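Dropping the structures in below, format is structure tokens.
The following pair of complexes shares a single chain, chain A, combined with chain B in the former and chain C in the latter.
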Partner chain A sequence: MKIIITSNSGHDVLAISGEVDMDTSPELRTHLLEFIHKRTPLLLIDFREVSYIDSSGIATFVEGLKGMMVYGGKLKFVAIPEKIGEIFSFAKLDRVFEIYGSIEDALHR
Partner chain B sequence: MTGDIVSVTVPSHPRYLCVIRDITARMADICGMDQATVDQVKLAVDEACSNVIKHAYKGDTTKTFSVIFRIREKEFEVVIDDSGPKADLSCLRGRDLDDIRPGGLGVHFIKRVFDSFAFDKRKRTGNRLRLIKRLDRGNEDHHNQ
Partner chain C sequence: MAEESLVSVPAEYLQKLEKKVERLYTFIEITEIISSTHDLDVLMNLVMERTKKEMEAEACSILFYNKATNKLEFEVALCEDDSTCTLLKKTITLDMGQGIAGWVAEKLEPIIIDDAASDTRFFSGVDQQTGFITKNLIALPLVGRTGLIGVAEIINHNRSSYDLEMLQLLCRQFAVAIENALLYRESIQRERLKQELEIAAVLQKSFLPESPYFSKGQVSLSAVNISAAKVGGDLYDFIEPVGGKVGVLIGDVSGKGVSAALYMAKIVSDFRYAARLQISPSPVLHELNSQLSRSPRGMFLTAVYMIIDTETGHAEASSAGHPPFLWLGGGQVRTVALPSGPPLGIIPSEYPSSSMQLDKGDRILLFTDGLFDAKNSSGSRIGMEDIVRFTENNYHEADLVGRLIDHIQDFATGADKADDVTIVEVKWGGLP
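Here is the complex of A and B:
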């Protein structure tokens, strides 16, 4: 897993590539907690290059979402590949997370 | 192909889960499963192995565990052996999918694709988790060409 943090229209974008699993999710968690600590108002997660996610990766995002909700922050998912989306859907998390097709969609809705 | 066995023993470090995933996907493919099912089987076995590291070994990365894949006439079997204390089944029950909180999903991912999910009570020390998926053998021709 690789994580690249960029900015788009003044908003933080965390782009993940590769596999998010029990081995790599602690690194993801560290990044999310830093954004929560800074009270980032909107964080976009770009899933375009994510090839795999397991329950520990999902748990990390649930924890991140809950952490951001405490101060009114928003966590938006962008460009989720079909097979990753299927996992979120099975876990009924597609109705918990805000999911958008592109960064532009996420910024303008 | 029927009766073939592949086994692997890996250290109980999460970095080796990708090795198990790759082998699992290859074995499921050899069984003739479609790609969506291969992905589900891969996730399920990964979750079961993650549980070994998390629950049986409590995060101790110095142990090992074994995964044995068996292809039978009408089923695909995965047996996961560890040497940890007997599993606390309450850890493996999974949460209600409507109860949105971190954790508790792994068991759901296992049960949705495997037809049988059970610990072998005959194993005296450690745990032996046996996962069985029935096979529709209509799709295996391309592997035999």
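Here is the complex of A and C:
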């Protein structure tokens, strides 16, 4: 897993590539907790290059989401590949996370 | 003749020789101390104590090199005054190249400072913070088999002469001993962790049903639960909420290890409490969801809870973000994805129940994602379609579950990590 942090129209974008699993999610967690610590109002997660996510990866995002909800922050997922989208929809995680097709969609809706 | 064989030895030479022997004794003594213990703290204190005495020094310290931060940190400091030591250990770190110790760490060469006040290489920051006044200093690199371990410092010694070469030799011995003690400490920690995991595994198993088989009326249940790691994240449970009904829970906790085991213990006890006297799965999952909402680190549970009437074969099931199950009946294998709520423990939600009528000989296979997520050595996953096809081809096998397990284990041969897998088979014998 690789994480690149960039900015789009003044909003933080965390772009992940590779597998988000038991071994790699602690690194993701460190980044998310930093954003929470800074009370980032909107954090976009770019899933375009994510090849796999397991339950520990999802739990890490659940923790991030709960942490952001405390201060009214928003966590938005963008560009989820089809296979991962299937997991999200059968696990009804699309009811938990806000999911958008692209960064532009996420910023304007 | 006898007098001729006497060799006259100058007194000076004898003195030198005596000193050498004395030093050799000191060396042997310190080497003995060094090899006397595997306990890092004991080792460091013994060596420092002895060095301090031998060198008539006011203080000794060891800075450890932290590879991750590329900085030097005070590990042990022996001073006349305890508060200085405490302060040193807590607050002071040095960059590579910073101050005397930083220089020594970078160049891997010793430094002798006879007058710290006038030497520009001396970093007075430490003195300023501790209030300790450094007059003179000997700093030596500690280099072991794996490279730089740290820097040893002898501060304010009162020896007019000493043997630098021997100090260096001792430092080499000392560095290797520190390495060994660190390895020993790591192996003890590993052993402790292993034992904790074993306890967690026993704890976890104690929350699963005592027997993987259960039957009541026309319903028989059996389960296979294989953990990839010592402590897995899958769970199942069989209960009788009221007479004439059998409840089957299958679930998958996010994560593995000790935290998953403890979380599972909570889930199973909360589940048994919530499921008592309930004849519909919907309120049970609803209750479990609110019980788990304060779960740590975003942990959650995907689950299916099914209640079957032991006399009529009527079944009701609810799902919380759990994968579909397979329904084998009338020669067909159906993949059933129930209307579902999100996994338990994330957000407040409803969990609708769905009704089913089982026919004589029908089987239901409930499972966790380890079944269709099994990965082979080239990294591709087996997938749900393969599982369905395999089930169709082995429809009439009495030990279908065993065959499925073999099938995914064959597929995953040579893969570096396997997932946990749990399959619960529900068989309906038919109306009497």
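Definition applied: the second predicted complex is superposed on the first by the 109 of 109 C-alpha atoms of A that agree within 3 Å, B and C clash if a C-alpha of one lies under 4 Å from a C-alpha of the other, contacts with A are read in each partner's own complex, and residues count from 1 in each chain.
What we mean here is this: contacts are C-beta pairs under 8 Å (C-beta built on N, C-alpha and C of every residue); 3 or more make two chains touch, one makes a residue touch a chain.
Being a predicted model, the structure only gives us computed values, none of them experimental.
Considered on the superposed chain A, chain B and chain C are sterically incompatible, since they clash. Of the two partner chains placed by superposition, chain B and chain C are both touched by A:Ala91. Of the two partner chains, chain B and chain C are each touched by A:Val62.
Of the two partner chains, neither chain B nor chain C is touched by A:His108. When both structures are laid over each other on chain A, chain B collides with chain C only at 201-209; the other stretches in 183-191, 201-209 or 327-335 stay clear.
On chain A, the patch touched by chain B and the patch touched by chain C overlap at residues 22, 55-56, 58-60, 62-63, 66, 90-93, 96. Within the complex, the chain A residues that touch chain B are 19, 21-23, 52, 54-56, 58-60, 62-63, 66, 83, 86-87, 90-93, 96.
Interface residues of chain C, counted against chain A in their complex, comprise 233, 252-256, 297-300, 302, 320-324, 337, 340-343, 346-347, 349, 369.
The touching residues of chain A, when paired with chain C in their complex, are 22, 29, 55-56, 58-66, 90-93, 95-96. Those residues of chain B that touch chain A in the complex are listed here as 13-15, 17-18, 21, 36, 39, 43, 46-47, 50, 53-54, 97-98, 100-106, 108-109, 112.
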